[in-house]
């Protein structure tokens, strides 16, 4: 690739007549009533302190199977400004045509970036990023809201003596209805306090990559994935996405954990984990298969009397399970805790696996 | 693992109360009216010239996502007989309890093994392997049939001056209705003559691994898989499997090719390849996504005037396609040949990709 | 592969005129005065409770880069004896020609297999396995010794009320000089007590796979390897190997740990870890590269005042290290503990990394 | 990572006290008298039509085991100039401190970029990139030379009616001694004409990635690597590198081919391929091992009467070879052509493998 390489790469769809690259979907099933969208609302480009051109963020998202992203360059922190001095809307404007062509939902966004307190806040779904630049922090957040922006507090435990504390300025935002969510996970960090606050204050739980460098991942798997937000949206559109975020319909995929409200996790669990009727019934046990249809491993700890004490259901795999029972022909209910599906900090989701009686399948 | 290791390994399900290992399904979708079963009906153990205990073949099948196998040790060729002299039913008898527990369909079988001509023939779904051992080759095949066996001719191009020829003895079998199929692929070999004969003589097409050594594969993927037979069965049972074989409802997965009758390949293609309505409509082109839901890559060559001249749809991935058109809002029909879905030797399957008009999705 | 497959596989070298397969060496460098041989002295075949033909063990060893193995089928435990009733020398006799052709050192061996106590003991480098079969346990060990056998106690913590205890019978063997080593690691288990006893009683430390099923690994890497014994031998011969074992010149590679006597570990460490002179010297720090030439990751914890508090040196990789110092032009000595190179249970190896002064490299 | 992320990433070594990331060396052995340096002298950043910040190119090089790179942004083609309008020296100036800290040799460079003819030319080892910008093409090349630049013609077959032709303007450069090399491979393209011209006109053979997007590769392997130039330099310094380039001491690693002058390829071959004395001598054949110590597979075709007709020596592996001979105790010489070590277009390197006589090893 040479002279016209940027044209090839920036506008790849306009001059190629062949299928481009390959996309590997983030594998989580839809749930009843909603599409499950894999989203990352926090990332940077050369326009602030990131290391890639904005179009790269769209290509990465497409390749890795993401449905929606926001490019959130810092408004107030621009270490490359000697070389790049254009406005805050440029990253979105440059990335937009590729996003349309590649079917990646792209929200215009910024990261409002102040010393702690108050800290850093992402405003996504805004209309004009330049208008957000103003010395008064609360005013900046207010303007983001006036544009219809969805605002969340980033990595609140990060940096400075006051880090991790909910102070008056945060109450001001919250009481005005200007703060809608918090990152409960950012990159390789999880914030149990933010997790608890989201439950207590009815804020939307967000998980983000906050990537600055190129993302080398070719897909998102249990072994290696971005910290992501799964959003449960009525349609695969920016409007439906924003509505879902405002309703708090998210599950955060962090490390090997899925974190969210119990109702959503329950719904997701039962779409991911499918139980077959026992295929073999001996005198005092049965054998059955459990299918895990999603990209995350699921770890189960027995709560009741029946079934193995622990079960691991590896991602996108089938597990064989032997269940001791004196009545192998009857239906079985196995009560477990899904220990890596967190409904509160350090609390897993209670689930029941139901196996059919003989002849009932 | 130590003293009781064989108990652990041979009867693993009986003494373990935990999920065993992990199974990765062979990823081909079911087709309307039928389950798509991944099958391998040709493999060996230490009881003839293979190198593993019969139970290993079941574990391999389970791990690799196979639905059904047959262990086909040679009746007449037993190089380990100084050490192993028991009868022809032993491999099946030893493997059966594991197969039941692990939900792998296991057919009792043998390989009738003569110099060429006539060559080697597998008889599967038989009742008593010992009865097949008899000096007269035609008598052996007759006995297999009397037991209800499904008989196919293996690797007919293999070895000897008369290899690859259809001789009187084969006509005898065929005319009596005692020959039901042929291997059109065995391990790394494909036999176009056998492929043509199956079409001409209405024989069932079979693809087999013929493994002798341990199979190191952890799953079956486009990059590395056994030569397999996909069988389209009404249920996932041995009876339904046998019926499907007798009806010729098979597709052979060999290397990067899917080989079968046009109607079955068409049905499979449309379950594997799902086309989204264009997500972006420009003035003179549209952008759309094509999803390949199966484990095989699919290669398309344009037959008509519309669409890219070539498309590769990688396994289990989404491809982005740009389609030039002066009427971007209208429905589009793209005519292609799926060049690696063979309906005859060297002939791909004609397919049509239909993209919805604007507003019609 | 078909009729002659067993010939192909059992005697592969005799009829092939092409390079067979591929071998990936176990990557540990030789140390001064010795060859570093990767060895596994505990594994099973269909002749006791294993699941593969003896030749498979040689092929696995060759493919995975092992230098020496012993097939150690149980003398007293033969669950396949209904099908396989030949003598205890058969596994070695069947595997030997392949081992010669493939350059894998193969020691004739058995596992003497009694209830605990006394437990299970491997006798390797014996002459006639059939002679070991005798009701009296001590007599069996004595006979193994009379044949020149090297005897070690396997997985001493395994099974039974008396497991893990050093009893009179063990003293009898030890006092007679009939017990030469112990497994300090077997498969996924590590035995700190055995480790301590080896140091205290001057027994040779052994690590073994004890594989029964086919080994699916294609090579031995930090991410996935057999439990192995590295033996430091004057030559790559069975004699030199046996001599090295009798002298206790072993290091066990278990999980992510290398376990052995301090002098051997020190020697191995300095052959694996190579330090470059700093390539960049700033005012108050220097930058340097550290090369880890071996297949195991190495974890370092600072003992002194200089250097990063922790360092991980990934296998077969180069790491970049920044060292704060006020005198960047001078030579630097960094004192660390290699926490995963165990000289005693829970004690890592003290090591020093020396970086050259400016102009001295 | 957040506020200070650019500091972390751009100056990573300055504030981290831990080993950074991991580097996997490009595995080609040194040859007698020279260090073998893995180099890529053609790549782009956001300062022309690339998609990454200049520091990314250094990180990629370090991670992938490269010894030296040049960032060669287009002088005359700057599609991002609305956002980035600073001078031609900026990419080097921004990348330099990281290169020093990470021990990656970095040459200041540009790509002089004109319509074909004359085409595109890289000038590397220059002093001031801004001085190269001038309307007169020959003047630009002259200025590069006056700065001590090493100049090579890029992808000469690329684009335009006159592509691939040696015209007067090229003779002007050549006759003045201003043209020192040509790309014989660029990305996924190989140019046999350029290859032939390099031999005929004594120009240095160059292979380059010409990457514009982020490079996702974590290391350079036979399965997936950049198109690279191996340079044989007396030291690992920029001066020695430049001298080696001027002397033409290069081998290009393109796809599965190593391309260079016969003497260098011969030297490299014998450092990569090590032959063991036969470990087994039968009556009419011997068995021996061949070790391939380099990152490229090597394919051998027999030229003489002895040895297998074809041999593949996979990268970083040991191959087993059986050699038929009536005199197994004598020394053996096997004559082959290394078909993927190209000394001219479509001509492999003749090599001889020598196996020692019995007792002579």
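Observations on the structure shown:
Note that the chains are named A, B, C and D in the order they appear, and that numbering of residues resets to 1 at the start of each chain.
Throughout what follows, a residue touches a chain if its C-beta (ideal position, glycine included) is under 8 Å from a C-beta of that chain, and two chains touch if they have at least 3 such contacts.
A quick note: this is a predicted structure, and the numbers were derived from the prediction, not measured.
In terms of the stated touch criterion, chain B and chain C have no partners in common. Centre-to-centre separation of chain A and chain D, using mean CA positions: 41 Å. Chain D has its Cα centroid 44 Å from the Cα centroid of chain B. Contact with two or more other chains is made by no residue of chain C. If you sketch which chains touch which, the chains form one closed loop in which each chain touches exactly two neighbours. Of all the residues in chain D, the ones that touch chain C in their complex are 13-14, 16-25, 62, 65, 100-103, 279-280, 287, 289-291, 308-314, 316-322, 324.
In the complex of the two chains, the chain B residues touching chain C come out as 1-3, 5-7, 9-10, 44, 46-53, 55-56, 59, 74, 77, 79-80, 82-84, 86, 90, 94, 113, 120, 154-155, 158-159, 186-187, 210-214, 216, 218.
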